[in-house]
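As written, the chain order gives the labels A, B, C and D, with residue 1 at the start of each chain.
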Amino acid sequence: MAEQHGNVVGNMGDQKMNSENNYKFETIGLIGRYGDSTVGTLLNDLSAYLRNRKLNVLLDESTASILPDHKLKVADRHTLGEQCDLVIVLGGDGTLLNAVRSLSDYDIPVLGINRGRLGFLADIQPDEMEKYLDEIFEGKYITKERFLLHTTIEREGEQISESNAFNDVVVHKWDVARMIEVKIFIDNQYVNTMRSDGLIVSTPTGSTAYALSGGGPIINPSLNAIVLVPICPHTMSNRPIVIDGDSKIRIKVKNASQSQAQITCDGQINLGLVSGDYVLIGKKDKPVTLIHPANHDYYEILRAKLRWGERL
Amino acid sequence: MAEQHGNVVGNMGDQKMNSENNYKFETIGLIGRYGDSTVGTLLNDLSAYLRNRKLNVLLDESTASILPDHKLKVADRHTLGEQCDLVIVLGGDGTLLNAVRSLSDYDIPVLGINRGRLGFLADIQPDEMEKYLDEIFEGKYITKERFLLHTTIEREGEQISESNAFNDVVVHKWDVARMIEVKIFIDNQYVNTMRSDGLIVSTPTGSTAYALSGGGPIINPSLNAIVLVPICPHTMSNRPIVIDGDSKIRIKVKNASQSQAQITCDGQINLGLVSGDYVLIGKKDKPVTLIHPANHDYYEILRAKLRWGERL
Amino acid sequence: MAEQHGNVVGNMGDQKMNSENNYKFETIGLIGRYGDSTVGTLLNDLSAYLRNRKLNVLLDESTASILPDHKLKVADRHTLGEQCDLVIVLGGDGTLLNAVRSLSDYDIPVLGINRGRLGFLADIQPDEMEKYLDEIFEGKYITKERFLLHTTIEREGEQISESNAFNDVVVHKWDVARMIEVKIFIDNQYVNTMRSDGLIVSTPTGSTAYALSGGGPIINPSLNAIVLVPICPHTMSNRPIVIDGDSKIRIKVKNASQSQAQITCDGQINLGLVSGDYVLIGKKDKPVTLIHPANHDYYEILRAKLRWGERL
Amino acid sequence: MAEQHGNVVGNMGDQKMNSENNYKFETIGLIGRYGDSTVGTLLNDLSAYLRNRKLNVLLDESTASILPDHKLKVADRHTLGEQCDLVIVLGGDGTLLNAVRSLSDYDIPVLGINRGRLGFLADIQPDEMEKYLDEIFEGKYITKERFLLHTTIEREGEQISESNAFNDVVVHKWDVARMIEVKIFIDNQYVNTMRSDGLIVSTPTGSTAYALSGGGPIINPSLNAIVLVPICPHTMSNRPIVIDGDSKIRIKVKNASQSQAQITCDGQINLGLVSGDYVLIGKKDKPVTLIHPANHDYYEILRAKLRWGERL
């Protein structure tokens, strides 16, 4: 079964479709929500299902450590990336974000199964898991390519760090009540010098996360674009700017004092910035591929999550 | 001189550059601000300059009608489109918008000379006109391709009108204080049913116009994107959505009563809508080409127009 | 029973409480949703309940006209205002708004019974109607005083119209795509000249209605304040302004053309404005009194209506 | 001269006017911008002017320490508060904010002289200083009463700190990228549980400061109101709320981890919060009195600072 290639399932609107889904799913990696042992039952059901389909299953090391009775082969993240044809993530969007970031150097599609609450990324509910997995292993699914942001920090001419973000890179004030001042360049053109609580640089994927709280627009995930959203800017005309996804963004931190700004990737990875540091942000060369059921509908999820159509 | 082709002037960042500017400027059309006779002096200076360069000059009919002593050959808009290699517009962004719309079926670049106030589109000031025209006729300029929106209205299965917009197409309530209800589809996918004062569908060019007043983001004009901005939506989570520039947008007007909604293109062309009408909006097949001085800098204009960097 | 005076029910937080509710409810007026005959069953239940309590009941003329079998004494709005001690409105917030406006010259409290959907003003659901009416006629209720806006239009020195609004007075463009320009004065001090789609002048009651869609703040109804909310202003720093409830607002319409602006009260009453007209807005001298169940909680309604606390 | 009482200068619109200005200005305190020795020249001019008027002058201790050649009598903040009839602040709005806070327990009016840039609070420019001081010492001035916020923190039932704010009290996340969760009560009524980057509680004075960057309305300083502005709230309907100035606000910090939230008063005083802490905010019992020139016009300052009326 798993040898079958995916078939075309028609024009899916905004989704990127291969004319033929050429994935071959034989070895499946499983990643559960970090530190959450309640994922155990769902994981047992899933691994039973997969064994039944005669698929190889590898359980992520950190998930294994909190699930003593799993009886699955365990692998570290690197091995998952090397050996799996598909990684299934059990958890919410946050879990999927982390899984995608950690696997971003491997060419491996990711599928998300949510637990209870609908996610933008993990859109399969537990009670429909079997039905959709049947379809997916029979080749009925769609794939969506999404891009990550790759960020480096340059201090006194040297690159001091490097990280990836699937949602957003945020440069923000830290340990200080005052605004920070940043100087923004896009493709080496000076844009402006802005005083604010910070700046969110977001992918379309991240546009429905923190960037939305900051006043940014919703960006269809199929659009090759990046949005810059100022957080509580001092000047009211400092509005969100949407630019080409292939732009190179350079942010100079202009703080007088040290360590009053930080950079955060996907709300998780923090790095302190000092005055004069440059933050360089651009699209990561390798995209990530998400697997969705064939009937996946981005706008339906949007309507559900943002409660559109419900009257006040 | 005018036979010279434009030369490459280096990497201009976000602007679209031909590796060689292959325009040959021999016949120049002139369009002045509609109904504004004060444009006469500037127009005389400009036509003297152009005659001096041995270029053919054609004056737009409607501009000619209010400038009795122009001594120029007069042509209607169609003839301008057929015979000119370049149209120079004297006026503000509004004048240029109209000129671009009326010439949108011809393959002819447009250059804007502003009068006093800096424009997003017409970015040459009168006092620097000669200097920049010298450069442009010597081939030192950049070109920017921008797209228009093409809109048709379907009533009971038949197309009843067709129009173009360079900034935006707005579906809004009319002659009524109540909100209107519209149903939005993108690429045949249902997006949502929205109650609001209206919906702005804007090009990147229009993103700094009405769409910005409505809460939309700034979109870099080089991005192939369209933004949908709800006007005073009833549901607060009905936020601006940025989608691919090649999307097909379909809006169904759901008013109970007749003639309580209208569609406006670039704030100029109005058409009444009745319940059940479909408004179809997509990118016009033919882009427009704007000519800018070689040192044109989009972000510099943005900083100037939005007063970025000025402290409160 | 009905002779009993209301008793104090403790400190109700933001609500205005009389130390003793001194209303005597003997004659009750009933007003149903305009043109809506489905209100008939509820109205029959209510009138049976009231007759049972030996109260006099007067049915509003316009409601009576669509309910042929009501068997109640009918009265016009003026007679309701003159003879009733309490008016009960069956319908939503819109119905209550209209009832309050039409009774605003009489000193008569109003109670709203909603039909299905919770309202900001009409907060009693049909299935809890009897329970709450029992309490209210036994004197257990709270009263809230709210103010209306009184608006006059002055043309060439003469007052040409006069109207009241419970939610808001809106000066907006009409039959035109372009912005209008208005000059705003507060207590004879010049505030600014604003280009926009219009200006909403709202009471605290109206702050959760159209003003909220326009970007205004929520204002606790107990606050003596008025908010001015610009609709899609041209200048981004034209933000909502909250001023004292006793301020006198004067708006000069600066349109070049005639009849391109209108004034709307509570989204219902429309009057055309011409260039040079002055719109004068201030608090109406007579407040309106709303009757609520003793457990009325403004913030609970706010949470329910705005879906606070629900996760994305 | 200084013995003269101020005279009525007519109805000044929104300003609070005593029917007779009953201040007697004999001993004048001077406070300069903290740590800024460039204020020296202006301070010398001012002290010469005041000696000329035979007034006693006391120089603030911290200002004296950076101005070696001042030859003035020096006093600490407490002595200034005890002995002065008027304190003149040389600096911007920030300097005046600090001065007002430090003198908030004394009944002493404050006058601000700005240095170059117009302030909302310090509205006298150096070049018009003498002219306005002449008028003020002749009794031609207006006074404006403004209120401060008084904040206490309760930890496990005990009050652990107390502070004042003239602009705003901000509860915000600290040292953490994730949102914080706060539970808000107003006058002991539960309002909502909000996830956000923080909450700004602002006076009308502060409504044109950080609260405006966060999306809050402008509040006329004469209004007795407080505004709560959520910072980047997770739920889009969590909008600014304007409440009565005499309300008691209670905020419960619901963080899981310790020290991931802080409270900041006027962007200056920081205190760490732990999970379970209560922040109590209310109007300080003693208002502050600002002295302004007789022609002071709040809306004129607003127009200048927010660049209203300037075209895009």
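Details
Just so it is clear, a residue touches a chain if its C-beta (ideal position, glycine included) is under 8 Å from a C-beta of that chain, and two chains touch if they have at least 3 such contacts.
For clarity, every value in this text was computed on a predicted model and none was experimentally measured.
Touch-path distance (fewest steps) from subunit B to subunit D is 1.
Subunit C and subunit D touch with mostly matching residues; of the residue numbers seen at this interface, over half occur in both copies.
Rotating subunit B by 180 degrees superposes its CA atoms on those of subunit C, with the angle stated to the nearest 5.
Ranking A-C and A-D by contacting C-beta pairs places A-D first. When the contact pairs of B-D are matched by residue number against A-C, A-B or B-C, more than half turn up again in A-C. Comparing mean CA positions across the assembly, the chain most remote from subunit B is D. Centroids built from CA atoms put subunit D at 43 Å from subunit A.
Rounded to whole angstrom, the centroid-to-centroid distance between subunit C and subunit D, based on C-alpha atoms, equals 36 Å.
Inter-chain centre distance (subunit A to subunit C, centres taken as mean C-alpha positions): 47 Å.
Across the assembly, subunit C contributes residues 212, 234, 236-237, 239, 306-307, 310-312 that each touch 2 or more other chains. Taken pairwise by the contact criterion, the protein chains are fully connected, each one touching every other. Subunit C contributes residues 13-14, 186-194, 207, 212, 216-220, 222-223, 225, 227, 234-235, 237-244, 247, 297-299, 302-303, 306-312 to its touches with subunit D in the complex.
Those residues of subunit C that touch subunit A in the complex are listed here as 117, 236-237, 239, 305-307, 310-312. The part of subunit A that touches subunit D in the complex is made up of residues 170, 174-175, 177-178, 196-197, 210, 212-215, 231-234, 236, 264, 267-268, 270, 306.
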